[in-house]
Structure formats: structure tokens, C-alpha cells
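Each of the next two complexes has chain A plus one other chain: chain B in the first, chain C in the second.
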Partner chain A sequence: MSSVWLPCGKYHQDYAHDQGWWQTPVIKGKMILLLATVFIGIPLLAPEYWVGVGTMVGYTAMGALGVQLLIGYTGLITLGHAAFIAVGAYTSTLLVLQYPWPPFIVRWGLAYPISIMAAGIVAGLWSVLFGLPSAKVKGFYLILTTIAAQFITVDFILTQYVSQIGGRGQAFSLPPGTIKIGPWTIDSEVKIYYVMAVLLTLVVIVMANLLRSRVGRAWVAIRDNDIAAEALGINIVWYKLLAFFVAGFIGGVAGAFWVSNTAALSPEHFPWFWSLWLVGVILIGGVGSIHGAIYGSMFMVVIMELLQLGVIPLAEYYPKLLIDFAYVKDMSFGLAICAFLIYEPNGLAYRWWQIKNYFNLWPFSY
Partner chain B sequence: MKNTVFKNLLVPILATALILAFSGLASAKAIKIGGIMDTTGATSDVGKDYAIGMEEAFKYINEKGGVNGKKIKYTWFDYGYRIPEAITKYKLLKRLGALVIMGWGTGDTEALSPTVNKDQIPYVSASYSAHLTNPKKSRYNLFFSSDYSTNARACLTAWFDKKWPKHPDYGKRKPRFACAYMFASPYCSAPIKAIKDQAKLLGFEIGPDQDVSLFALDTKSQIMALKEFKPDVVWHGNTTMSVSATIRDAYALGLGADWIVNNWGFDENLPRLAGEAAEGVMGATPCAFYGQPYKNMDIVVATAKKYHPGIPQEKRLIRTVQAWGDALIVWEALKRADKAGDLSGNGIMVKGFETMKNFDIGLGASPITYTASDHRPTTGCLVQEWKNGKFQEVERVDLKARWPEKWEKEWLGW
Partner chain C sequence: MELFLMTLITGIMVGGIYALVALGWVLIYKCSGVLNLAMGELTLIGAYVTLSFYEMGLPFILAVVCTLLVGIVLGFLTERIFLDKLIGEPILTVIMVTVGLSFFLKGLVEFIWGTDTKVFDPPIFSIKPITMGFLKVSPVYLWSFILAIVLLIIFVCFFKYTRWGLSMQATADDETAALSLGVSARFVYAAAWAIAFMSAGVGGALLGNINGINISVGHLGLLVLPAVVLGGLNSVPGAIVGGIIIGVLQNLSGSYLDQYFPGGVKEIVPYAFMAVFLLFKPYGLWGWERIERV
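Coming up: the complex of A and B.
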């Protein structure tokens, strides 16, 4: 059933309408407003700092969408997604810094866009490699194989071998002006934000389309009951690996984007905690929903920043508040997960759905 | 009922918040300095004392009238040694209008370096990575101490000068050298290229590197691997906790090699944690240890006692003194830039830091010089040894004096 409430007397007349994204003028208006806020309002009106926070939200959301696809839509629990983000970041950096591109590619500012695609593909294939055990195992055992992905990729391969390329210890540093897309050099907070906004929008479009296609249905079927799905004729190994590929691809794109944000790279940027954090993000946002991943990212990044800003004026009188903020942040992360699991197990996405329903049904409560 | 709760709680909270917000505005004229420290993360074993020292130093500076009468408002955060966190904190400090930022780790300092250069915010960090000393690449990164590569070269040279001639095999074979450090950490791996270059220069045989985590508590497998190579001297590039774990294991397993340690792994806690195994360990010292008799040490000790009387004096570390080193160069640069009437980022750099010639902070550090083309603060490093229950000077190695050509032309920035 479509989740959209149509005005009285209007009905879906065909499948395309039933599956359409923006089904009523109100929804169309809301979405245009949202896009205008994201693409015009925030970058042009918000202070630079908040644009930076917006970039963090987008980056976290991209990472979380990959996790959402695996956990929320295919039921494959992963705790190693930071590894695929790292693979994407390293692929992109190496291609931009080390690969001998023909001069016209560099001149036309194509090296970075190509590297984003390549980062997605390499991370996707790498993810498939670690998705292979999912053909045989699930649940707790799959968690362990994905944790292995983190340790093998980041702590072993990237640290011991890949990051040695370039001969400058472990860290890659991208000189200013290296990241270019066409004629634009990505060198300001607003430009970085735009790269994020475009990439995130594309990722959301691709994912939303995949989910309403045959592939998405197969993933959901596997999540709900893999034996039943297999009985229905779904090749579950193929679809599970496809889920790993797409999740890895999205992670790779997020990693490639991360490079434009930090202009530096070392294995320290991708700790295991980051994988855990992404799972927390989708738990808070709502498992099994695209906008849940985005709400979760907003919650985890913006709330923490607001909390910190609230603490700053008080710190003059209670300096410990500011000093111990990292503790507070970690504690809030744990507390938020516990609180959501107990009081709102379906996450912020469900709460949003309830709010929408309230207005759709008003003045009748049901 | 709800109304009462509103009146009783929300109104006072809002009123307090407003008062606090306005009191913040009242001090808006102060010079704002930001800090990004690690008091809970992987390097908190040394970071905590550094953070406390930094805070005390700025309090003292304000007591002394601040920067030519202008007070300093120092706001700092703990980032738990998480690089993405450091980037957010940097953006926040920039938004708060910090003129100078006191940073911490190598990973985050190097990650932020291009941004810092673009924003022209002097970034004085506790990362002494030599990568940050070439103004052509990282103009706004600074620190007061000899860089890690200089430390590493100096320690190996001091061992070669003082310890190797006393070895029974001296003159019969090449000395054997290996490195132990956390590969993934940019701090630990920063000087490895330089120390291996120095080892080649001095004629060492170089063995395989050992990966020792900053969190390591058991390093027996690395020591067993080293035993196969039988090194005469091993460089350890981590912080105190993992360094002490390693030398303890080496002692227990009878490795028989001497240890030379980077400055963040060599402090008063090393003999406390490693016990007998610490005997004879040599390390780079950027300045005097806490309480050692130097010109300005009384101020450091008195300020520590005044602002943190709860911390026992015997628990204080050289890290506090290092924090003072960085705070004092910032103070001096701000005073000079303010006198020249230019407290912009570029002004602080050109009219402040880059006018320092052999500036002595009075805490046992080598005199500090910055030029527009070279941000290596010193030309050498003091190497000390833990011997007979105290730190003793081994040699003050001046790399520029010994290898002037290489110092000028080759070694800048690596």
C-alpha cells in the first residue's frame, strides 16, 4: 500500500502513479521546498560553520545509507562498513594524486569525478568479497565476518601496504587545489557542501529507485524470510551479493567525498568505532527507511553540535563541562540508542510518519 | 501543574542562559585562542597533562596582563584523538573567532593543515611532525620543539656516538637497528623515513619494523620477532604507555637491545611504568622535565600548584612544560604582532613568529628561530637517558652543525 494519503475522491489509476515519488501537489511543494533549502537556503544563508555541519550530516548519511541497505533492507547485519568507506577514500586519493592521467583529464578537472566512480566500484567489489560469507552464514556470524572486513582492510592492507605508497609515512595530504570538478576547484566550505548535496541526492535517487524495483523487492523478501524468498525463486546469494555491492559502492562514494572535505587521509580516519556509529545512526533514524538514515545522521551530528554550543557559555563558570564534553558525547550516543530501542524502536522515521498522519487525518485522530 | 513546572524550571534556565550569553559578549574584546586536546583518547596518557599545562599557562599569561594589556580567552575541547571530531572542533573554533589554535595530534594537524593555511590561522600543535616545518607546504603550522625527524636522527646519532663504541662488537661489524611503532598512526610513522636515512648515513644494518599499537599492553610477539634480527638499538616512536609495555617485555624476554624513544614516549612515567626495564633508555627531550632547575620553571610549578592544587606535584610530567613551551611562543608572537599593530593571522605569522631569532623560553628548550622559508624551530635535540634513578644528559646533537649541507638542502619538511 502506498503510504501517501490522497485527497478524498482521488485514486491511483495505474501502477506508475501508485509507485510515483511525488503524488500530490502538496508533496511536490514540500519536496521543492526541501530541495530549495538544501541547495540554496543552507549554502547561501547559513554561516560557514553550519554549512560545515551540513556537510558532516551528508557524509554521515551517505555512509549510513549503505548500512541501511544491508541491515534495513536486506537483513544482513554489518559492523564493518567503515572499511568500505576507507577503500573508497584511498582509491579516490590514489587516483587523484598518483595515477598518471592524460593531461587533458587533469586540465578539464575530470580526475576527481572519475575517481569517485572508481572509488564506488572498487569499494563495491571489495564489499562483495566480504559479502561472500553471507551465502553461508547470517546473524551473529555475519557480524563477525564484517568485523573481519574492518580489521583486514583498514588495520592490515591499508595500514601496512596501501598507505605506504607515496613514501611519506602513513598520511596522504592533498595539496590545495588538487580536488577539481570541471573548472571548479573544491576549496571552500560551500563548494564542499554542494559536492555533498549533489552526491547525496544522487545516492538517494539511485537507492530509492532500486528499492521500488524488482531488486529491492527481492532484498526485502530476503530480509523478511530468506527461505520463503528462495522458495519464491529468488536467487538469494546473487541478491545478497548485489546488496553488498551497492552498499559498498555507496560507502566508496562517501569515502571519495570525505577526501574533498579533509584534504588528508590516514588509516586513523576510519576507526572501527565509525562502523558502529553508522549502525547507531540507522537505529536512531529508523531501520528500513531511506529518510530514516538521513534523520539519524541529522540527529547524531546536529544535536551533538547544538549540545556543545549550549555548553560553551556555561564553560566559563564550569570549565569541566567543556573539557568532559567528549565523554558526554559518547554517553549521549549510547543513551540515545538505548532510549530509541526502548521508547521508539522504529526510529525517527516512524515518528515522522506519525506526525504526517496526524496532519493528514486531522481533525480525526484515526 | 505544567504551568508551574514551566515557571519554576524553564524561566530561571532561560534567564541564566541569557545572562551567560551576554557576559560572554562582554569579554568579546579579548583575544580568542582555541584548543583541541586529547584527554580521553589513544594519546591521553600524555595528552591529559599537556591539556592541563596549556590551560594553566594561559591563566598565568592573563595574570601577567595578557597580550600588551589584552586578555586571552582560551576555549578548548577534548576530541578523543578522533580525526573527524578534530575537524568539527576546528570549524567551531574558527566560528568562535579564534585567532590562534593550539592543536594536538599529527593525524589531525596534518589533516587540517591545508585548511589552516587557507584560513590563515596559526595552528600551534603538539605534533612535531617534520612535514609541518616547510612553510611552502604548511605555512601556518608551528611548534616550539625540535621536530620528530630531528629527534629521531639526533637519538640515533647520540647512541652511535656514545653507546656503540662501548659495545664488544664495535669495529667488528655494522650496528643493527630496528623500529617499533604503530604503523597506522601518522604521529608514530612520521620520522621513520628520516631515521632510516640517518641509519644508512651512519652505516647501520636495518631490520624489519614492528607494529606496536598505541594501546598495546602485550608486545611479546613483536619482541620475539626482534629477537630473530638481534638489534643493538631499537627506535620506539609511540607514547609512554605502549613504550613502557614494550621495553618491559623486551627486558623480560632478554632482547638485549638499547632503546631510543621519541619525545612523547619518554617522560617521568616511563620509569614508573617500566621499572628496572627503563634503565638506560634514551630519548629525545624537547625541554626540561617538570621541576628541573631552569629560569622559568618556578613559574610553571607555582602556576600548577595555584590552579590545580589537587594534582600531586610528583604526578606532574614534562608534558606540562611542553604545553608551556607552545603557549609561550604564542604569547611572544602575539605581543610582537600586537606591537606592530597587526593581529591578523598573517600578521601574527610574519610580524610575530617569523621575527623570532634564537628566542629562549627559559625552560631548557633549544633557542627557537622561525624564518619565512624554514619553520624548523631548532637545529638539534637534547638526548637524555634514564640512569641511576634520574634523567641524565647524553649528548646535545646539533644536526645543522654536523651536516650543514643536508640540513639546508635535503632535510627540510621530512
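Coming up: the complex of A and C.
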């Protein structure tokens, strides 16, 4: 909710108006246009491949929003968020596959929606467990406990024990038609995209509302100076753990959604790389803004897809390129993070803000 | 009892290598306050560079010395290209630059050397164990330990007695005061990175000697994190003791706990230990406790 440029002669009259979502008709129109593009434009007009890319963007954005909440708004640096996404994904899968639901729930297609909620809660609690050291330590030491969360959860518990449930070896797979929401079976790219779009919208709404409430202000106070925050009467341990819970919850929802996309699950889907990738995404998008997380994921996913598209014609002349491409991708991602941090430390969200201001202040925009 | 002693000795010896890598880590932290998450990739590069020199026909010790030189060059380059511009930026920025760097270096290593496991061929040390009383120690471990200890002593002496080492300590203590006394902070950072590159590289080369070199040597950099935390982030002796403790812990858990928790427990125990340890002693054994006020 940064500064909004109101037309001449209009002022905010009360706090509710100051914190309102849609402050001018122009903003309202823009947002409706955006929602229309997301919910109608892309799924109906875009080719299936790009709808799939959109799904990927949404998944990344959901994961990145959790990281954004922890790093960008509460100042708790986390490098193990993939663990919580994994916990959510496994909770959801195990509930759908193994839990003896009463028949009417399966018939009405409620098993998956319930499992999404359960995944969020379980992942949130798991996240709180590893957030506990944050009561005493911060900064680097906290980074290390989140790294510990990643390795203990994914490389040990999930790989060694959870993956063995039901005697499936390493990978779970969901039979087609298992994932149902109400009367709809989620089985095509467009349907998966809609699940993503609805979940992402809900997550964004929940997060935006949390951030402009008392809770969100407490988080920002902790980020800016935790000792001052404590002196102001904020119970910092409670709010830090709450931040871990909400971030874990969002991660769990993202993981539960991911199951509907891949219909298969193995610990390799959640490497440490993915945790770092999510942090990279919010750095590129802009730390401390919700739309920053979304711009970042759009940028990273779309750029990688475009690189891939660019490589395929070249591969005819230089076949080794297809193998080496994965490495080049790693390298370019690393360089992108470095370059953004050095030359554009506020991320894409800041650039967007500048562009907006340029038009808002036109013709005196200098 | 014999098993216990054997695992203990092996643990201490592997711990020596960890200590070497952890030392580089602590140096960077001490001099510039940066948590270097690219440490694993530094070990990886060191291992592959040594291997390349070795395959060119240099003897192992000479290859290690050449790796040290390459490490210096790479350390200076890294500092000049990436970290130079970040003096005075928030700490998250600098940490994330090292993450970006780790992606970049990892991709580079895979691009140049591929992902297959490579071994030193012909092997440098004989496989036949050295017998000391009832103890049997494989020469690889023994020589690695000796080399690690020698390098540790050299680095510690450098840090304590030379002019450069002293100016690094001064920068670590108070950057502004050191700057006003004519110490070049840029040079100190570069030197810290060069030393980190060197020690990590040799650690990687030694470890690669034991298990063969592939991309997983890079996990060593993460494995020393618990060691560093245990000793305290800014304590050189802490890094050494922490490295040895983690080595012992890992080996003991490998031989005693593996039957109860099959698979992977060896990799996890240091992290679990660290997560619990931080709850009780948040600054490690010898870390500086930070006193904070508004």
C-alpha cells in the first residue's frame, strides 16, 4: 500500500479509506482487468504450453510468497522453504491416497480440498518447529537452522521413511481421476491452471489483509528493529512463530497444489536448490512487496522458458548444447541474482513503481 | 571398544579436513561479516583443479600447491568482480550474492568437468592400512590429516604473526578504525576470499582423494556449517575444534545409530545436533555474544 496518487482535490478522509484496496476508479479498473486476464484471458486464449508455464509461475509465486513473508516482512532469513512445500505435498498425497475417507466425501469430491487445508496446517506446524530457535537466535544462526530443516525433512525423513509408506519405493503416483474438487476432476492443463489461479488469488488476499492488520504491522516492526519492537510491547517470539506458521501454511498449500499438477511425487522435487531459487525469486522481484514475489516468479520462469525455446533450434547444429543447457541455466540464474543485487537491489517491483510514477506524474515526470 | 576407537580416530582425521574448510569460512566471516554460502562450490573447484593438475602429470603435493595459487587468483577475482561493489550494503544482499555465486560456480564446474565421478588415477596413497598396535588406519586418512594440520598451522600463524594477517584481524575487529589507520579493507576482503578459496580447495582435494570427486563434494561446504556454528562463527580455534567434533560425531553416529535409523543418518546428525545446540547456546562455544540495545 505505498503512496497512491489521488486526483487533485481528493483526500483520504479516514483510516479505512487510507488503507483501502481500490482507492480510485482507475485502480479498480486495472485490477478488474488483471483478474479478467488471469481468469479468462490466459486460459482461453493462450496455447496449452503457455498455460502450463502460467501454472508454473503460480506455483513459484505461491512458494515465494511464503518466503517473502518471512524474509521481506519479518526479516527472518530462511533457506529451507522447499522443506515445508514438501511437507504440504506429502501430507496432501498421503491423505488423498491412504486415509479412509467416508464414502460421501469421496463422492462429493471433498477429499482434495480438505487435504489442501490439512497440508497447510501440517506444514505450518512443521515450520514452527524449526522456527523455534528464532526465539533465541537471529541472522546467520537462524539461516543455519532453516538449512537444517531442509536436510532433516527432505533428505532424511521424507526420503527414508515417508516415501516408503504403502511400499511404493521412492515415488508416489496418483492414479488419474483421484484429484477431484467437487464435481470436477482435475485432469487438464486448463483445469490445473484454474486451481492455481484460485489458490494464488486466495493466498494473495489473505496475505495482503494480514499485512495491513495489526499482525502485519507487528511483523514489519520486528523486521525493522526487533528490540525496539519488543520495547513497544510486541511479543516478538509469538509474532515470529506466527510468521513461520503462516509462511509454512502458504508453502503447504503450494505443495498440495503441486500434487494436482504432477500427479507424482518424490523427494527429488524439493531439493535445496528450490529453496534457494525461491529466495532468488523474491530478490529479483523485490524484497518486501507482494507483487514483487509475483513479478520475480514471472520473470524467472518465463525467462527460463524463453531460453529453452531459444536453445532448441540451436541444438541441431550443436547437439551437446541440450545436455549442457541445464548447467548454463544454473549459471545464468546465479549471474542474474548477482546482477540484480548489484545493479538493481530493489528488484523489479521498484522498477514497476518507477514506471507507474512516470505516468502518474506526467507531464512533469522527472 | 576397538570399533569405538577406530571410529573415533577416523572421525578425528576426517574432522581435520572439515576444520580446514571451516577455517576458510570463519576467515571470511571474521573479516567481512559475510556468511559465505558458496563454500561448497569453492571446495568443488579446488578438487577439480587439483585433479586436472594431477592428470597433467604433476605430483600430488605440487598439484596442491598449484591449487593454492589458482585459489588466490580466483579469490581476488571473485572479490573484485562481485563483492567489491557491495561494501556497506545490507547483509542479506551480500549473503544472497554468495548464493548466486554458488549457482554460477556450480554450473561452471558441471559445464567444464561434467558430472561423472572421477578418481585420482593412479591412486596417490596405497590402499593397505597402516597398523599401529591394534589400530588400523588407511594412509589416505592419515596423510590427509597431516596435510590438513600443517595447512591449519600455516594459516593460523599467518593470521597471528604476519603484517597482512594482523591487518585482517584489525579489520575484523573494527572496520572503521582499521580504515583510518591505513588498512585497505578491499585488500583485506580479497585476501580473506583468497585464503578461503585456498583452504576450501585443499579440503576438497583431500576429500576427493578419499571418496572420488563428483558434484557431491560440494556438500562438504554445507557440512562444515554445523562445525562452524558449534565453534562460534568468529573463532578460529572454534572452527578447528568444531570441525573435529563434527567429524567424530558423524562417524560415531554412522557406526552406532545406523542400525536403528537405516540410511542417511550420518548426513543428518550434524544438522540435528546443530539445531538443538543453538537452542541452548545460541552463539556457539566461542562466538562473540552480541549485546544489543535500542
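As a convention for this text, the second predicted complex is superposed on the first by the 357 of 366 C-alpha atoms of A that agree within 3 Å, B and C clash if a C-alpha of one lies under 4 Å from a C-alpha of the other, contacts with A are read in each partner's own complex, and residues count from 1 in each chain.
In this section, a residue touches a chain if its C-beta (ideal position, glycine included) is under 8 Å from a C-beta of that chain, and two chains touch if they have at least 3 such contacts.
Source: prediction; values computed, not measured.
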item: Contacts of A:T159 with chain B and chain C, given as first, second, both or neither; value: both
item: Contacts of A:I337 with chain B and chain C, given as first, second, both or neither; value: second
item: Chain B versus chain C as contact partner of A:D324, first or second or both or neither; value: both
item: First (chain B), second (chain C), both or neither touched by A:A264; value: first
item: First (chain B), second (chain C), both or neither touched by A:A315; value: first
item: Touching partner for A:N357 - first (chain B), second (chain C), both, neither; value: neither
item: Partner chain in contact with A:T185 - chain B first, chain C second, else both or neither; value: neither
item: Residues on chain A lying within both footprints (that of chain B and that of chain C); value: 155, 159-160, 324, 326-327, 330
item: Interfacial residue positions of chain C with respect to chain A in the complex; value: 29, 35, 37, 82, 85-86, 89, 91-93, 95-97, 99-108, 110-111, 222, 225-226, 229, 233, 261-265, 267-268, 271-272, 274-275, 278-279, 282-283, 292-294
item: Touching residues (chain side chain A, partner chain B) in the complex; value: 47-49, 52-53, 56, 154-155, 159-160, 163, 167-171, 173-176, 187, 189, 261-269, 271, 273-274, 305, 308-310, 312-317, 319, 322-327, 330
item: Residues of chain B defined as touching chain A within the complex; value: 17, 20-21, 23-24, 39-41, 51, 55, 75-80, 82-85, 87-88, 91-92, 94-96, 106-107, 110-115, 117-118, 131, 137, 183-186, 189-190, 192-193, 211, 414
item: Complex interface listing, chain A residues touching chain C; value: 71, 77, 79, 130, 132-133, 136-137, 139-141, 143-145, 147-149, 151-152, 155-156, 159-160, 225, 227-228, 231, 276, 279-280, 283, 287, 324, 326-338, 341-342, 345
